[in-house]
Amino acid sequence: MKLRLLVTGGTFDKEYDELTGRLFFKDTHVREMLKLGRADLDLEIRTLMMIDSLEMRDLDRELVLKSCLEPGCERVVVTHGTDTMPETARYLADRATGRTIVLTGAMVPYTFGSSDGLFNLGGALAFAQVLPHGVYVAMNGRCFDGRSVRKNRGTGRFEAVS
Amino acid sequence: MKLRLLVTGGTFDKEYDELTGRLFFKDTHVREMLKLGRADLDLEIRTLMMIDSLEMRDLDRELVLKSCLEPGCERVVVTHGTDTMPETARYLADRATGRTIVLTGAMVPYTFGSSDGLFNLGGALAFAQVLPHGVYVAMNGRCFDGRSVRKNRGTGRFEAVS
Amino acid sequence: MKLRLLVTGGTFDKEYDELTGRLFFKDTHVREMLKLGRADLDLEIRTLMMIDSLEMRDLDRELVLKSCLEPGCERVVVTHGTDTMPETARYLADRATGRTIVLTGAMVPYTFGSSDGLFNLGGALAFAQVLPHGVYVAMNGRCFDGRSVRKNRGTGRFEAVS
Amino acid sequence: MKLRLLVTGGTFDKEYDELTGRLFFKDTHVREMLKLGRADLDLEIRTLMMIDSLEMRDLDRELVLKSCLEPGCERVVVTHGTDTMPETARYLADRATGRTIVLTGAMVPYTFGSSDGLFNLGGALAFAQVLPHGVYVAMNGRCFDGRSVRKNRGTGRFEAVS
């Protein structure tokens, strides 16, 4: 089964700049993560942008949407910063049809030892293979409807909005 | 959604004994892995045994089966050594009904830096939540029918048997 | 041989706050690091402060000095942020006598996979055991005279000042 | 200051073969470790052999000795398996003059998360830079006289023999 993996940045892909003590983006780590996971999937990987999701604008979301809708692949995973992941999920849910789109990310950068990224990526790729068309957020081992999910900023957990 | 997580050992949970240079079992690492994954699932975790899957006998498989079938939970993930994972999957597939059972494991122990365990666990928990009743093997980012999967010992990859 | 280990914070001990995306201090990791190093030393460990070395004032340096000079132990390792490590080294070199004092730190927090902290700590403890009285900076596998060392902010390396 | 780094294998450099579940040797990790430590030393690195120290014969020790004595560098670090490190240290102590030779190793392979290797390497390089001519074993943060040290197989710690 073919999957498309769209990279937009987010904490997932942040690195520590040892000269400035700041976090920054260089390249995505998804290939390295897939290798670590011994993933044997037919994946089409594309880096759309490398940004903090707080900087994600509707213009960026439009690019994500267009990349999801491009022909050739019905099942898409989007790596995304957690802060505005629910907003992007809703944006896509309102506009995308004929696709299974799963957004995922991480609370801690992959390059730091304690990252949830590999767990989340494993889950997102699984959900994307078997869920019916729709937009979803895969975090905390769970899968949320992209239209009704929020990030609880106090706990860092994602929750269903009823 | 409630999930049952049955631990049987396997490479997943092996540790390095620095006094003897051998691998051995102590406790399972699944709780630690779930914490790392910030998993927010209603999980019932039970350690059935801590063995190398080459030592898995039908008596052990019977215990796995019985634990899968115990009332209270329809969706089960079983951590298992990779060497005989296909055999156990077939054993369960021939006997279990009314359950979604997903077997998973790792090629490299979780405590070693380069483990695929966290990726596999993320995938297995996802597949277990959404797949219809049946027995599956979740490895390499993929999900195989438990009746027709084998481990290719040359590559370490799992493959569908046609 | 008895050694005193004074903790002042620095990048060494920073952690990533997954809720805010900022680095912060909680507890020191030196005990964990010593355990990882299977260190079998007679160590007296004291946390004096947990601060970024850019915030280190002469009042703080005075406390470090007093703690170095307290009776009971001639050999001292001080963990310190790298930015003002040379300033503190000079401050101590101008005031301390009868002690071997070795400052060390890290460019990357210990909790991030890619830290130089364990290597530096191993070196600092070694230098502190064998060098004659004086103040030293142990970074990059080297040992610098505390009166003539600077951090090259462009490369992140420490250099001898002639 | 110039240092020679002689690699002989040992647990330090062992890797996990995910196909067989056995430990094996591929390449040494010392360069990677030195990079992680941001080591800025004038090092001449040579891999003499890649063996378990239980397989170390006097013929091998002769090669280590000859490599230590080659002109061009007075200060040498030898990475070595821990099991027969004391034997090799004594062998060298009986034969080498005009050199500072420090043997070090690890209880856990570097590629496993919990290795003491980086700590030990940092210490060994420090001791090698400042100790007078002689043969030493640097383990557990300590430095032992190469003529009177043993590994306690019960605890995995090195001890001075009186």
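Order as written gives the chain letters A, B, C and D; numbering starts at 1 within each chain.
Keep this in mind: a contact is a pair of C-beta atoms (placed from the backbone, for glycine too) under 8 Å apart; a residue touches a chain by one contact, two chains touch by 3 or more.
Just so it is clear, the structure is predicted and the values come from calculations on it, not from any experiment.
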| item | value |
| --- | --- |
| Any chain that touches chain B and chain A | none |
| Identity of the chain that, by mean CA position, is farthest from chain C | B |
| Between chain D and chain C, distance of the C-alpha-averaged centres to the nearest whole Å | 26 |
| Whole-Å separation of chain centres (CA-atom averages), chain A against chain C | 39 |
| CA centroid of chain A to CA centroid of chain D, Å | 44 |
| Multi-partner residues of chain D (at least 2 other chains) | 107, 113-114, 156 |
| Chain A-touching residues of chain B, taken from the complex the two chains share | 33-34, 36-41, 107, 114-116, 118-127, 129-131, 138-143, 156-158 |
| Contact footprint of chain C on chain A as seen in their complex | 11, 16, 18-19, 21, 23, 107-109, 111-114, 153-154, 156 |
